[in-house]
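Below you'll find the structures, each written out as structure tokens.
One chain, chain A, appears in both complexes that follow, with chain B as partner in the first and chain C in the second.
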Partner chain A sequence: MNSTSSQNTRINLRRCAKTFGNTQVLKPVTLDIQAGETVVLLGPSGCGKTTLLRIISGLEAPDHGSAILFNDEDVTSRPIEKRQVGMVFQSYALFPNMTVRQNVGYGLTTGQGDERLTKADRDTRIETMLKMMRIQDLADRSIDQLSGGQRQRVALARAIAPRPKVLLLDEPLTALDATLRDDLRMEINALLRDLGITAIYVTHDQSEAMALGDRIVVMSEGTIEQIGTPEEIYHQPNNMFVATFIGATNALSGHWGHKGFVPRGMEVPVAALRMAAQGGNLMCFRPEDVDLIEDGDQASGALKGIARTIAFVGSCHRVIVELPGNQTVTLESAWCHPPHPGDPVLFKIQENGVLPVWSNEA
Partner chain B sequence: MKHTSHFMGLLLLPAGVLVLAFFALPMVKLIVTGASGEEGLAAYWSILTVERHREALIATLLLSALVTLVALIISTIVGVFLVRNRFPGSQILVSLLTFPLAFPGVVIGFLIIMLAGRQGLIGMVSQTLTGSKLVFAYSMTGLFLGYLYFSIPRVILTVMAAAEKLDVSLEEAARSLGASQWRVITDVLLPALKPGLIASGAICFATSVGAFGTAFTLATNIDVLAMTIYTEFTLGANLASAASLSVVLGLITWAALSIARSLSGSNVAAAG
Partner chain C sequence: MQRRTYFYAALMLTLVTVGFLVVPVVMSVMAGLTKNFFVGLKSGLTLEWVFRVWELYQDTIWRSMGIALACLAITLIAGVPAAYGLALSKSRWARIFEETLILPVAVPGLAIALALIQTYGGFREFRMSWAFILVGHVLYTLPFMVRSVLAVLSSIPLNEYEEAAASLGANKRRRFFDIVVPNAMPGIMAGSLMVVTLSIGEFNLSWMLHTPLTKTLPVGLADSYASMRLEVASAYTLVFFIMIVPLLIAMQKFGQTGTARKPTQH
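Entry: the complex of A and B
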């Protein structure tokens, strides 16, 4: 698409922090975002995602010593109206006194963009945006005649119409119901790829983060826990927080001996030493990173437990297994003969299934 | 069903009689009285043909319009500011600003005399500073100030109520799209406040058109419609003329309020 020329903006955050009153809700954050990249800020409520986004937008001034660069240009002291950022809010924030068309065209009338547009240029641009978001038929409606999904499409069209340097989205799908959310998420994904625009997307929904992000920034309590591709975040979490926040994780307590990890209440190691970033007294693995032993032959390093709860979740069965030493783990696997409650279950943790995280908490 | 509606009808009858007796009859009487003078129905034209009446009408309308405009401007700025900025003492300031709401016109009149009368504050200050005494309480200016004084609280309260409900993200969205401060005000803030401004502006206008107490306290020679009615009635003993002017005055306030009601879509009632 030729409308991308001005949109390839690289963003660098240098020690961006924010203090409200006496509390530093955002610890100094350094983050480099490539041109055209979609970065997702993911974390639990109150961890500072919105604050970071608002600092990038210029709505919030960061603490002294912070710097924000757009293509190496320092924009830290530039107010939002001069930063050329497109924003999409959870609450849509459409102008109720304007039609859909006027909303979409608003950013073209403020004269702040890079380009000088004639009336004809503006009209063409608006039509393109309406078409792109498939809302041509709604163009002359007022905002209160739109559904939530339609409103968010209008908001997206309005945000990208002036060709902003970066698109900032703060939980744009949270107010929508589940099916609509999935549809629009896919559409946003396609849109961001098509436009090649640099985008920062805030969410507390990990599946949304996985689906949209080129890279995910996992945050907690005002700090960045990990930055990485969805695969890296999932398979190589930096720490317990990331491991447990992203996806389901089993944490077995026990100890790391010289031959591997020995779970509490067992004698033989179940995970070889070389697999893990061993340490502490926990071993973590994903529910799906196990091999079932259904023919009953006792392989070495297998774990044996009793099935407690069995649930069919479509692609596989999810079984909660009670192990010796009063520990439970969740397994997800395609059983040929799913167990019944009380049946013995035999499984092995896959060689590279052990997550490289450790903790000294029991 | 039939029974109930009969029953309801019976209940409504006394209510109807009451409404007729209390509201309609005096009004009819007033209208009839207005036409009972020597000129008959033409008395109603006197407001346009008699110079003194016409000038009173124009003065009243101009004064009320000006009061409304200035009250809206000041109250919008102050109201939005007070909602957006909480500072120590802001609560006290709000109660102070809305205090005159409860004052009768006479009290407002006195306050203006205290401020700009012969013994007033402004007069004293101007005398010490420039040597000449500045007195404007007993004129249109004094009246303007007085009306402003009791109009502002009402508008401020309406603006503040509307401003509390403003969606801040709308303004943030506008700014992200490059809107200047001024554009944010004209495109987002004022449209959101519009219904409240129309409603309170109409009340402000209607109240100013009809207010009497303040004018009466300040001076008897201020020519606003309410004063003209009073002089026609007491000094001139011209009942027909007073009545016809009253009907016109009533019509103007009624029109102001109903126009506002149809524009703002909310309930508007005059007071004061």
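Entry: the complex of A and C
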């Protein structure tokens, strides 16, 4: 893969902010991205993730006082065409006046960077790209003869061909249907690993973020909520927003006593006092972080409720359980004998299952 | 039975209307080709009048073609970038500018010509050259070019193409020539045909702006009707038809393929 690997670029963002009119859509963000790392900017729409990506690309100029460094070189004032970034757009933005081959080769003709390529060099590079994305057969087609998935491959090949310093992907899979999305996601993942290129990937889809990111930057309302590996984000969310945005989360209300958490409507603590989770009046845990008690032996700290809705989701059953105090939780587990609606359900929250987030219920 | 009657009634009405419009054209063409129009067809057919027109007025034909091409060049150079700028700009001023561009179409040509003469008539060399007419034609045809190109550019995701090209290292100039112009081609072609056709047939402005030495084809035509035999004037019309009809057909054809292509774009 030496012929397609690009120089590794470290990216540092220093207090990057963006104001449109009177609204600061991006609060000052400081972020360090390692060379060769894939960072996913994840958040709901309007959280500022696309704005941040556009600032890194040079399509958008950040507010005064912001700085963007590529390998310690300040590129803040450079327009996008001088930054050597590869970009993949949600709508692909392939040029309809060019064939697939011409699209892929376009970035090699603009003389960006210090590379001066001969015609033969360019042709070899284009062939390599077409082969890598498995679109050789489409080389001479026009863009409107391509399917969505094929367009996305062409867009990727076009972005990578000039060996950019960083690859920026703006929701590249959103326009595709589910099956195709899964396939392409795996391909993009393999591609990014193979190339070892620094990549920044914007998405609102948490499973996409989990699958692709070395690190995930969770954003909301123009600020970074948490930066971490997918495991960290999932198991140690910083706050309620991250806990509820990433994966499914149960939030039980009650109070933290000196022996642990006592849910509303119950007398005994159901989770041991631990970590920094205590505080506020909520206790959060993932649906799968529970142990079922199916043989009926009463363990201390067990919760008992009534099964309301049962759904088989392939790997397990998802059961919505109504607890005393008018609270419901969702459990995911591999039941030997899944309950029926109205059956009693007995379970225990796993010792490490309590998420380290706390909040005063709104 | 009733339906058939309606059909034939409608057909008759259509034929009568078409006949009403076409007969004068045919009469005019015939007048240009008969030896003596007042005697009628039995006087025989001839190309004599066409040759006479060529002799007397060929300078107006060349001039009209020259002005049309110069006008096309100017409207291309000024109009395509203008449409590009307008398509990219989201500001209110751009929309206002877009509206003012149509003004020369709405204002009578005579008024524009008068204004030009009042303002620039003092520059003698300029006033006496065909460039004076050219200015009038550019004023009149530019909106058609801008609108035609703008319509195409507004129908494509121009901004995205621009950003994609820029991310691949293309500067403003490269983006214009590599991306904007090729994708605006249907609009540029339609606009060009429109500009040439309008310029060749333009009378109001040219009538006011011409000098005896800078007559254009339509001005010459008016002149021949006023001062020549009817046969000569009719032959002149024939020459005009020969020049303008292919352009009109091309325009029609282009308009059709232009709209037919659109659905496949998406």
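By our rule, the second predicted complex is superposed on the first by the 355 of 362 C-alpha atoms of A that agree within 3 Å, B and C clash if a C-alpha of one lies under 4 Å from a C-alpha of the other, contacts with A are read in each partner's own complex, and residues count from 1 in each chain.
The rule is simple: contacts are C-beta pairs under 8 Å (C-beta built on N, C-alpha and C of every residue); 3 or more make two chains touch, one makes a residue touch a chain.
From a predicted model like this one, the values you see are computed outputs, not experimental measurements.
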**OP:** With the two complexes overlaid on their shared chain, look at chain A and say whether chain B and chain C clash or fit.
**Re:** clash
Original post:
Does chain B (first) or chain C (second) touch A:Asp144, or do both, or does neither?
Top reply: second
Subject >> Partner chain(s) touched by A:Ser91 [first = chain B, second = chain C, both, neither] >> reply: both
**OP:** Would you check which partner chain A:Glu81 touches, where first means chain B only, second means chain C only, and both and neither mean what they say?
**Re:** both
**OP:** Once the structures are superposed on A, label A:Leu156 by its partner contacts, choosing first (chain B), second (chain C), both or neither.
**Re:** neither
**OP:** Identify the partner contact of A:Thr110: answer first if only chain B is touched, second if only chain C is, both if each is, neither if none is.
**Re:** both
Original post:
Thinking of the overlay built on chain A, is A:Leu59 touched by chain B (first), by chain C (second), by both, or by neither?
Top reply: both
**OP:** Across the two complexes, find the residues of chain A that touch chain B and also touch chain C.
**Re:** 57, 59, 79-82, 84-87, 89, 91, 93-97, 106-107, 110-113, 158-159, 162, 168
Original post:
Given the complex with chain A, which residues does chain C contribute to the contact?
Top reply: 156-157, 160-161, 163-171, 174, 178-179, 182-183, 185, 264-266
Original post:
Touching chain C in the complex: which residues of chain A?
Top reply: 57, 59, 79-82, 84-87, 89, 91, 93-97, 106-107, 110-113, 144, 158-159, 162, 168
**OP:** Give every residue of chain B touching chain A within the complex, in rising order.
**Re:** 167, 169-170, 172-180, 183, 187-188, 191-192
Subject >> Residues of chain A that touch chain B when the two form their complex >> reply: 57, 59, 79-87, 89, 91, 93-97, 106-107, 110-113, 155, 158-159, 162, 164, 168
